[in-house]
Amino acid sequence: MKVTVNRKAHFNAAHRLYNADWTDARNAIVFGKCANPHYHGHNYELTVSVKGEIHPETGFVMDMKILKNLIETEIEEQFDHKNLNEEVPEFKTLNPTAENIAVVIWNKLRPKIGKNLDLSITLFETQRNFVTYDGE
Amino acid sequence: MKVTVNRKAHFNAAHRLYNADWTDARNAIVFGKCANPHYHGHNYELTVSVKGEIHPETGFVMDMKILKNLIETEIEEQFDHKNLNEEVPEFKTLNPTAENIAVVIWNKLRPKIGKNLDLSITLFETQRNFVTYDGE
Amino acid sequence: MKVTVNRKAHFNAAHRLYNADWTDARNAIVFGKCANPHYHGHNYELTVSVKGEIHPETGFVMDMKILKNLIETEIEEQFDHKNLNEEVPEFKTLNPTAENIAVVIWNKLRPKIGKNLDLSITLFETQRNFVTYDGE
Amino acid sequence: MKVTVNRKAHFNAAHRLYNADWTDARNAIVFGKCANPHYHGHNYELTVSVKGEIHPETGFVMDMKILKNLIETEIEEQFDHKNLNEEVPEFKTLNPTAENIAVVIWNKLRPKIGKNLDLSITLFETQRNFVTYDGE
Amino acid sequence: MKVTVNRKAHFNAAHRLYNADWTDARNAIVFGKCANPHYHGHNYELTVSVKGEIHPETGFVMDMKILKNLIETEIEEQFDHKNLNEEVPEFKTLNPTAENIAVVIWNKLRPKIGKNLDLSITLFETQRNFVTYDGE
Amino acid sequence: MKVTVNRKAHFNAAHRLYNADWTDARNAIVFGKCANPHYHGHNYELTVSVKGEIHPETGFVMDMKILKNLIETEIEEQFDHKNLNEEVPEFKTLNPTAENIAVVIWNKLRPKIGKNLDLSITLFETQRNFVTYDGE
């Protein structure tokens, strides 16, 4: 009897899309205005989903207070009000597309979540664009 | 050619999180302010999802009017403007966490939905916390 | 050059609608299922709006961090995960309708906001019902 | 390492539910006010979901600008501000239920999306009714 | 001490924008695809706002159950699942723009609301276009 | 008979809060993490509201297609995917708080809107913080 519990969070960050192996011209062609060297930014809306058995004593799959605190420590404090390209080590050499940000978040949270629990990440970059990643 | 049809509904209810086998002190430690003996409450937002083949004559997987009425009779009339702990029989001995409420809703609806249809429940307890359950 | 700055917050609470001067029967007739003596509850969504001149040095009408903290201290800590009728002094003798809750919130915040600033309160009781009050 | 990228779009259209093999009376019984011969309409909210490997050079599963343009050309220009029954060839003989519209959208987009990518369609007909279809 | 109470509702309808005094060509130029003679449609989201004194015995400005029923009888039953141009008398000779629909709704509700109460209408035609009218 | 018509739009931008007349230390104290010299960013959600008489021939206060295009040309093309501090002339010496951005938008649109029409700007910086400005 497995239930998925989901917790929403958010962070505001600057970024640009950029492949350092390419010329500026090619970056501009492929990434368009997202390649702007002065950066732009987003309100990222994050949902962290954890699936597992309900614990019979608590009725919880995972205590949402613990999950909330984990997201704050591992993600919000690292990403919020930051420039992803300049200040977040994972994106020094990795292009901070929504896809790659979701994978980085999953990789950061996975070791902190019990092994008997499945983890999935949903990340809205804008109200019209979002991505999901579950480690598979 | 299977399609999932989804219907949203809601109910407003009071509850507290509480394990009757524990001391009040332990309840307070584990459940925090959610254990408040005077209760608190939520606007629960429910999505009922039913997956199956499209009927060739109607173009429906399931008539949404029937599904809407079923949710009203089986869930809204039982839970809306109620105290879940005090007035809903299923929670006399079961802690009304979002996880357990979703399982109870699934169990109440499952016998009323055709056997050839899959059933899944999504329940928002707040705008930031929600759970999903599909009977597996 | 006056701008209105708005900050959203929320609290989850139990309540019932009840006039102690009336019989239970009259309460049931007027307030319907909202009069349930076992209580029900809501996720209240609050917007606090403050209107005034932009300060030329900061570009702020009011520092949103200060407003956020004020709402937490004065409103969220008093109302969140509480039973409004039983645990919030203002509602010992005042019926906790959305209208009255908005007036109580306005009265609690008004002395904490600069006199040169206008204050308005918007309170959603459900996604379909909300009220606004600006002290006039 | 597969990620799902999702793009939202919308179109406004008129339709009625109607089975040409039935009498008007039977249409009225089964489809109720949705069978109104004068039509009614909706703001359809569409999410197109594409799942696949992240391309190592771009960090994209699929360029969202390309996906956005594809939805505009294939779906929005065909359906927006149209009468689905009268003006969209697919619904000349197919009842434009949300289920069938989702299948038609999937069939129109599937040949335009890379074979190594999975495709799923979510379509909101109203804020409370929505369907999903992934081709299985 | 005046409070505004607001109630949300919705209706789904077909319409077209059309001035019968103009040629079809001029209608097409001015109203674009909104002039499509086969109609298109919307999920109209309505907020009815009523401002007045809080009644000291009930704590209500106006009983929201009464307001909800009034909106159902006067607006939803007249407009929902209808073709506004063909089936709603007010639009036989009046172009059903969002502006005009809001004025018609205000005119229909005004005589049913107490004279000591102010009335305002907000109508979303799409998620990005909406209008407000308060009778002035 | 005046109606307000409202059009929503959005732009994604980077910014930092900073007063060039202050030391970095004072900027850090007053603006906190918003003063980060590497910038952060937001999805700004904009509503432009225009109030005036309904034109009897069109049923419009203002053609929403014209308003949409005006917002695109004057605001979105100037602000979207930009660094407000570095690339938008108005903020070379003006701190890009939400308050100041709303005033700048109002000032840019005011000359383009008919003199018989009132103009108001609402700007969401995050889902919880927003401002309104109407030129008074």
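Descriptive notes on the structure:
We call the chains A, B, C, D, E and F, going by the order they appear; numbering starts again at 1 in every chain.
We take it that a residue touches a chain if its C-beta (ideal position, glycine included) is under 8 Å from a C-beta of that chain, and two chains touch if they have at least 3 such contacts.
None of the values given here were measured: they were computed from a predicted structure.
Listed by label, the chains that touch subunit B and also subunit E are C, D.
Seen from the Cα centre of subunit D, the chain whose own Cα centre is farthest off is C.
Residues touching across the subunit A-subunit B interface largely differ between the two copies, under half of the numbers being common to both. Distance from the centre of subunit F peaks at B, each centre being the average of the chain's Cα atoms.
Subunit A and subunit F have Cα centroids lying 28 Å from one another.
Here the CA centre of subunit B is 41 Å from the CA centre of subunit F. Residue positions of subunit A with contacts to 2 or more other chains are 127.
Applying the touch definition to all chain combinations yields A-B, A-D, A-F, B-C, B-D, C-E, C-F, D-E, E-F. Subunit B meets subunit A in the complex at residues 17, 19, 21-22, 30, 32, 94-100, 102-103, 127-133, 136.
On the side of subunit E, the complex with subunit C involves touching residues 1-9, 54, 57-61, 63-65. Across the interface of their complex, subunit B is touched by residues 10, 12-15, 33-34, 36, 38-43, 45, 80-83, 86-87, 126-127 of subunit C.
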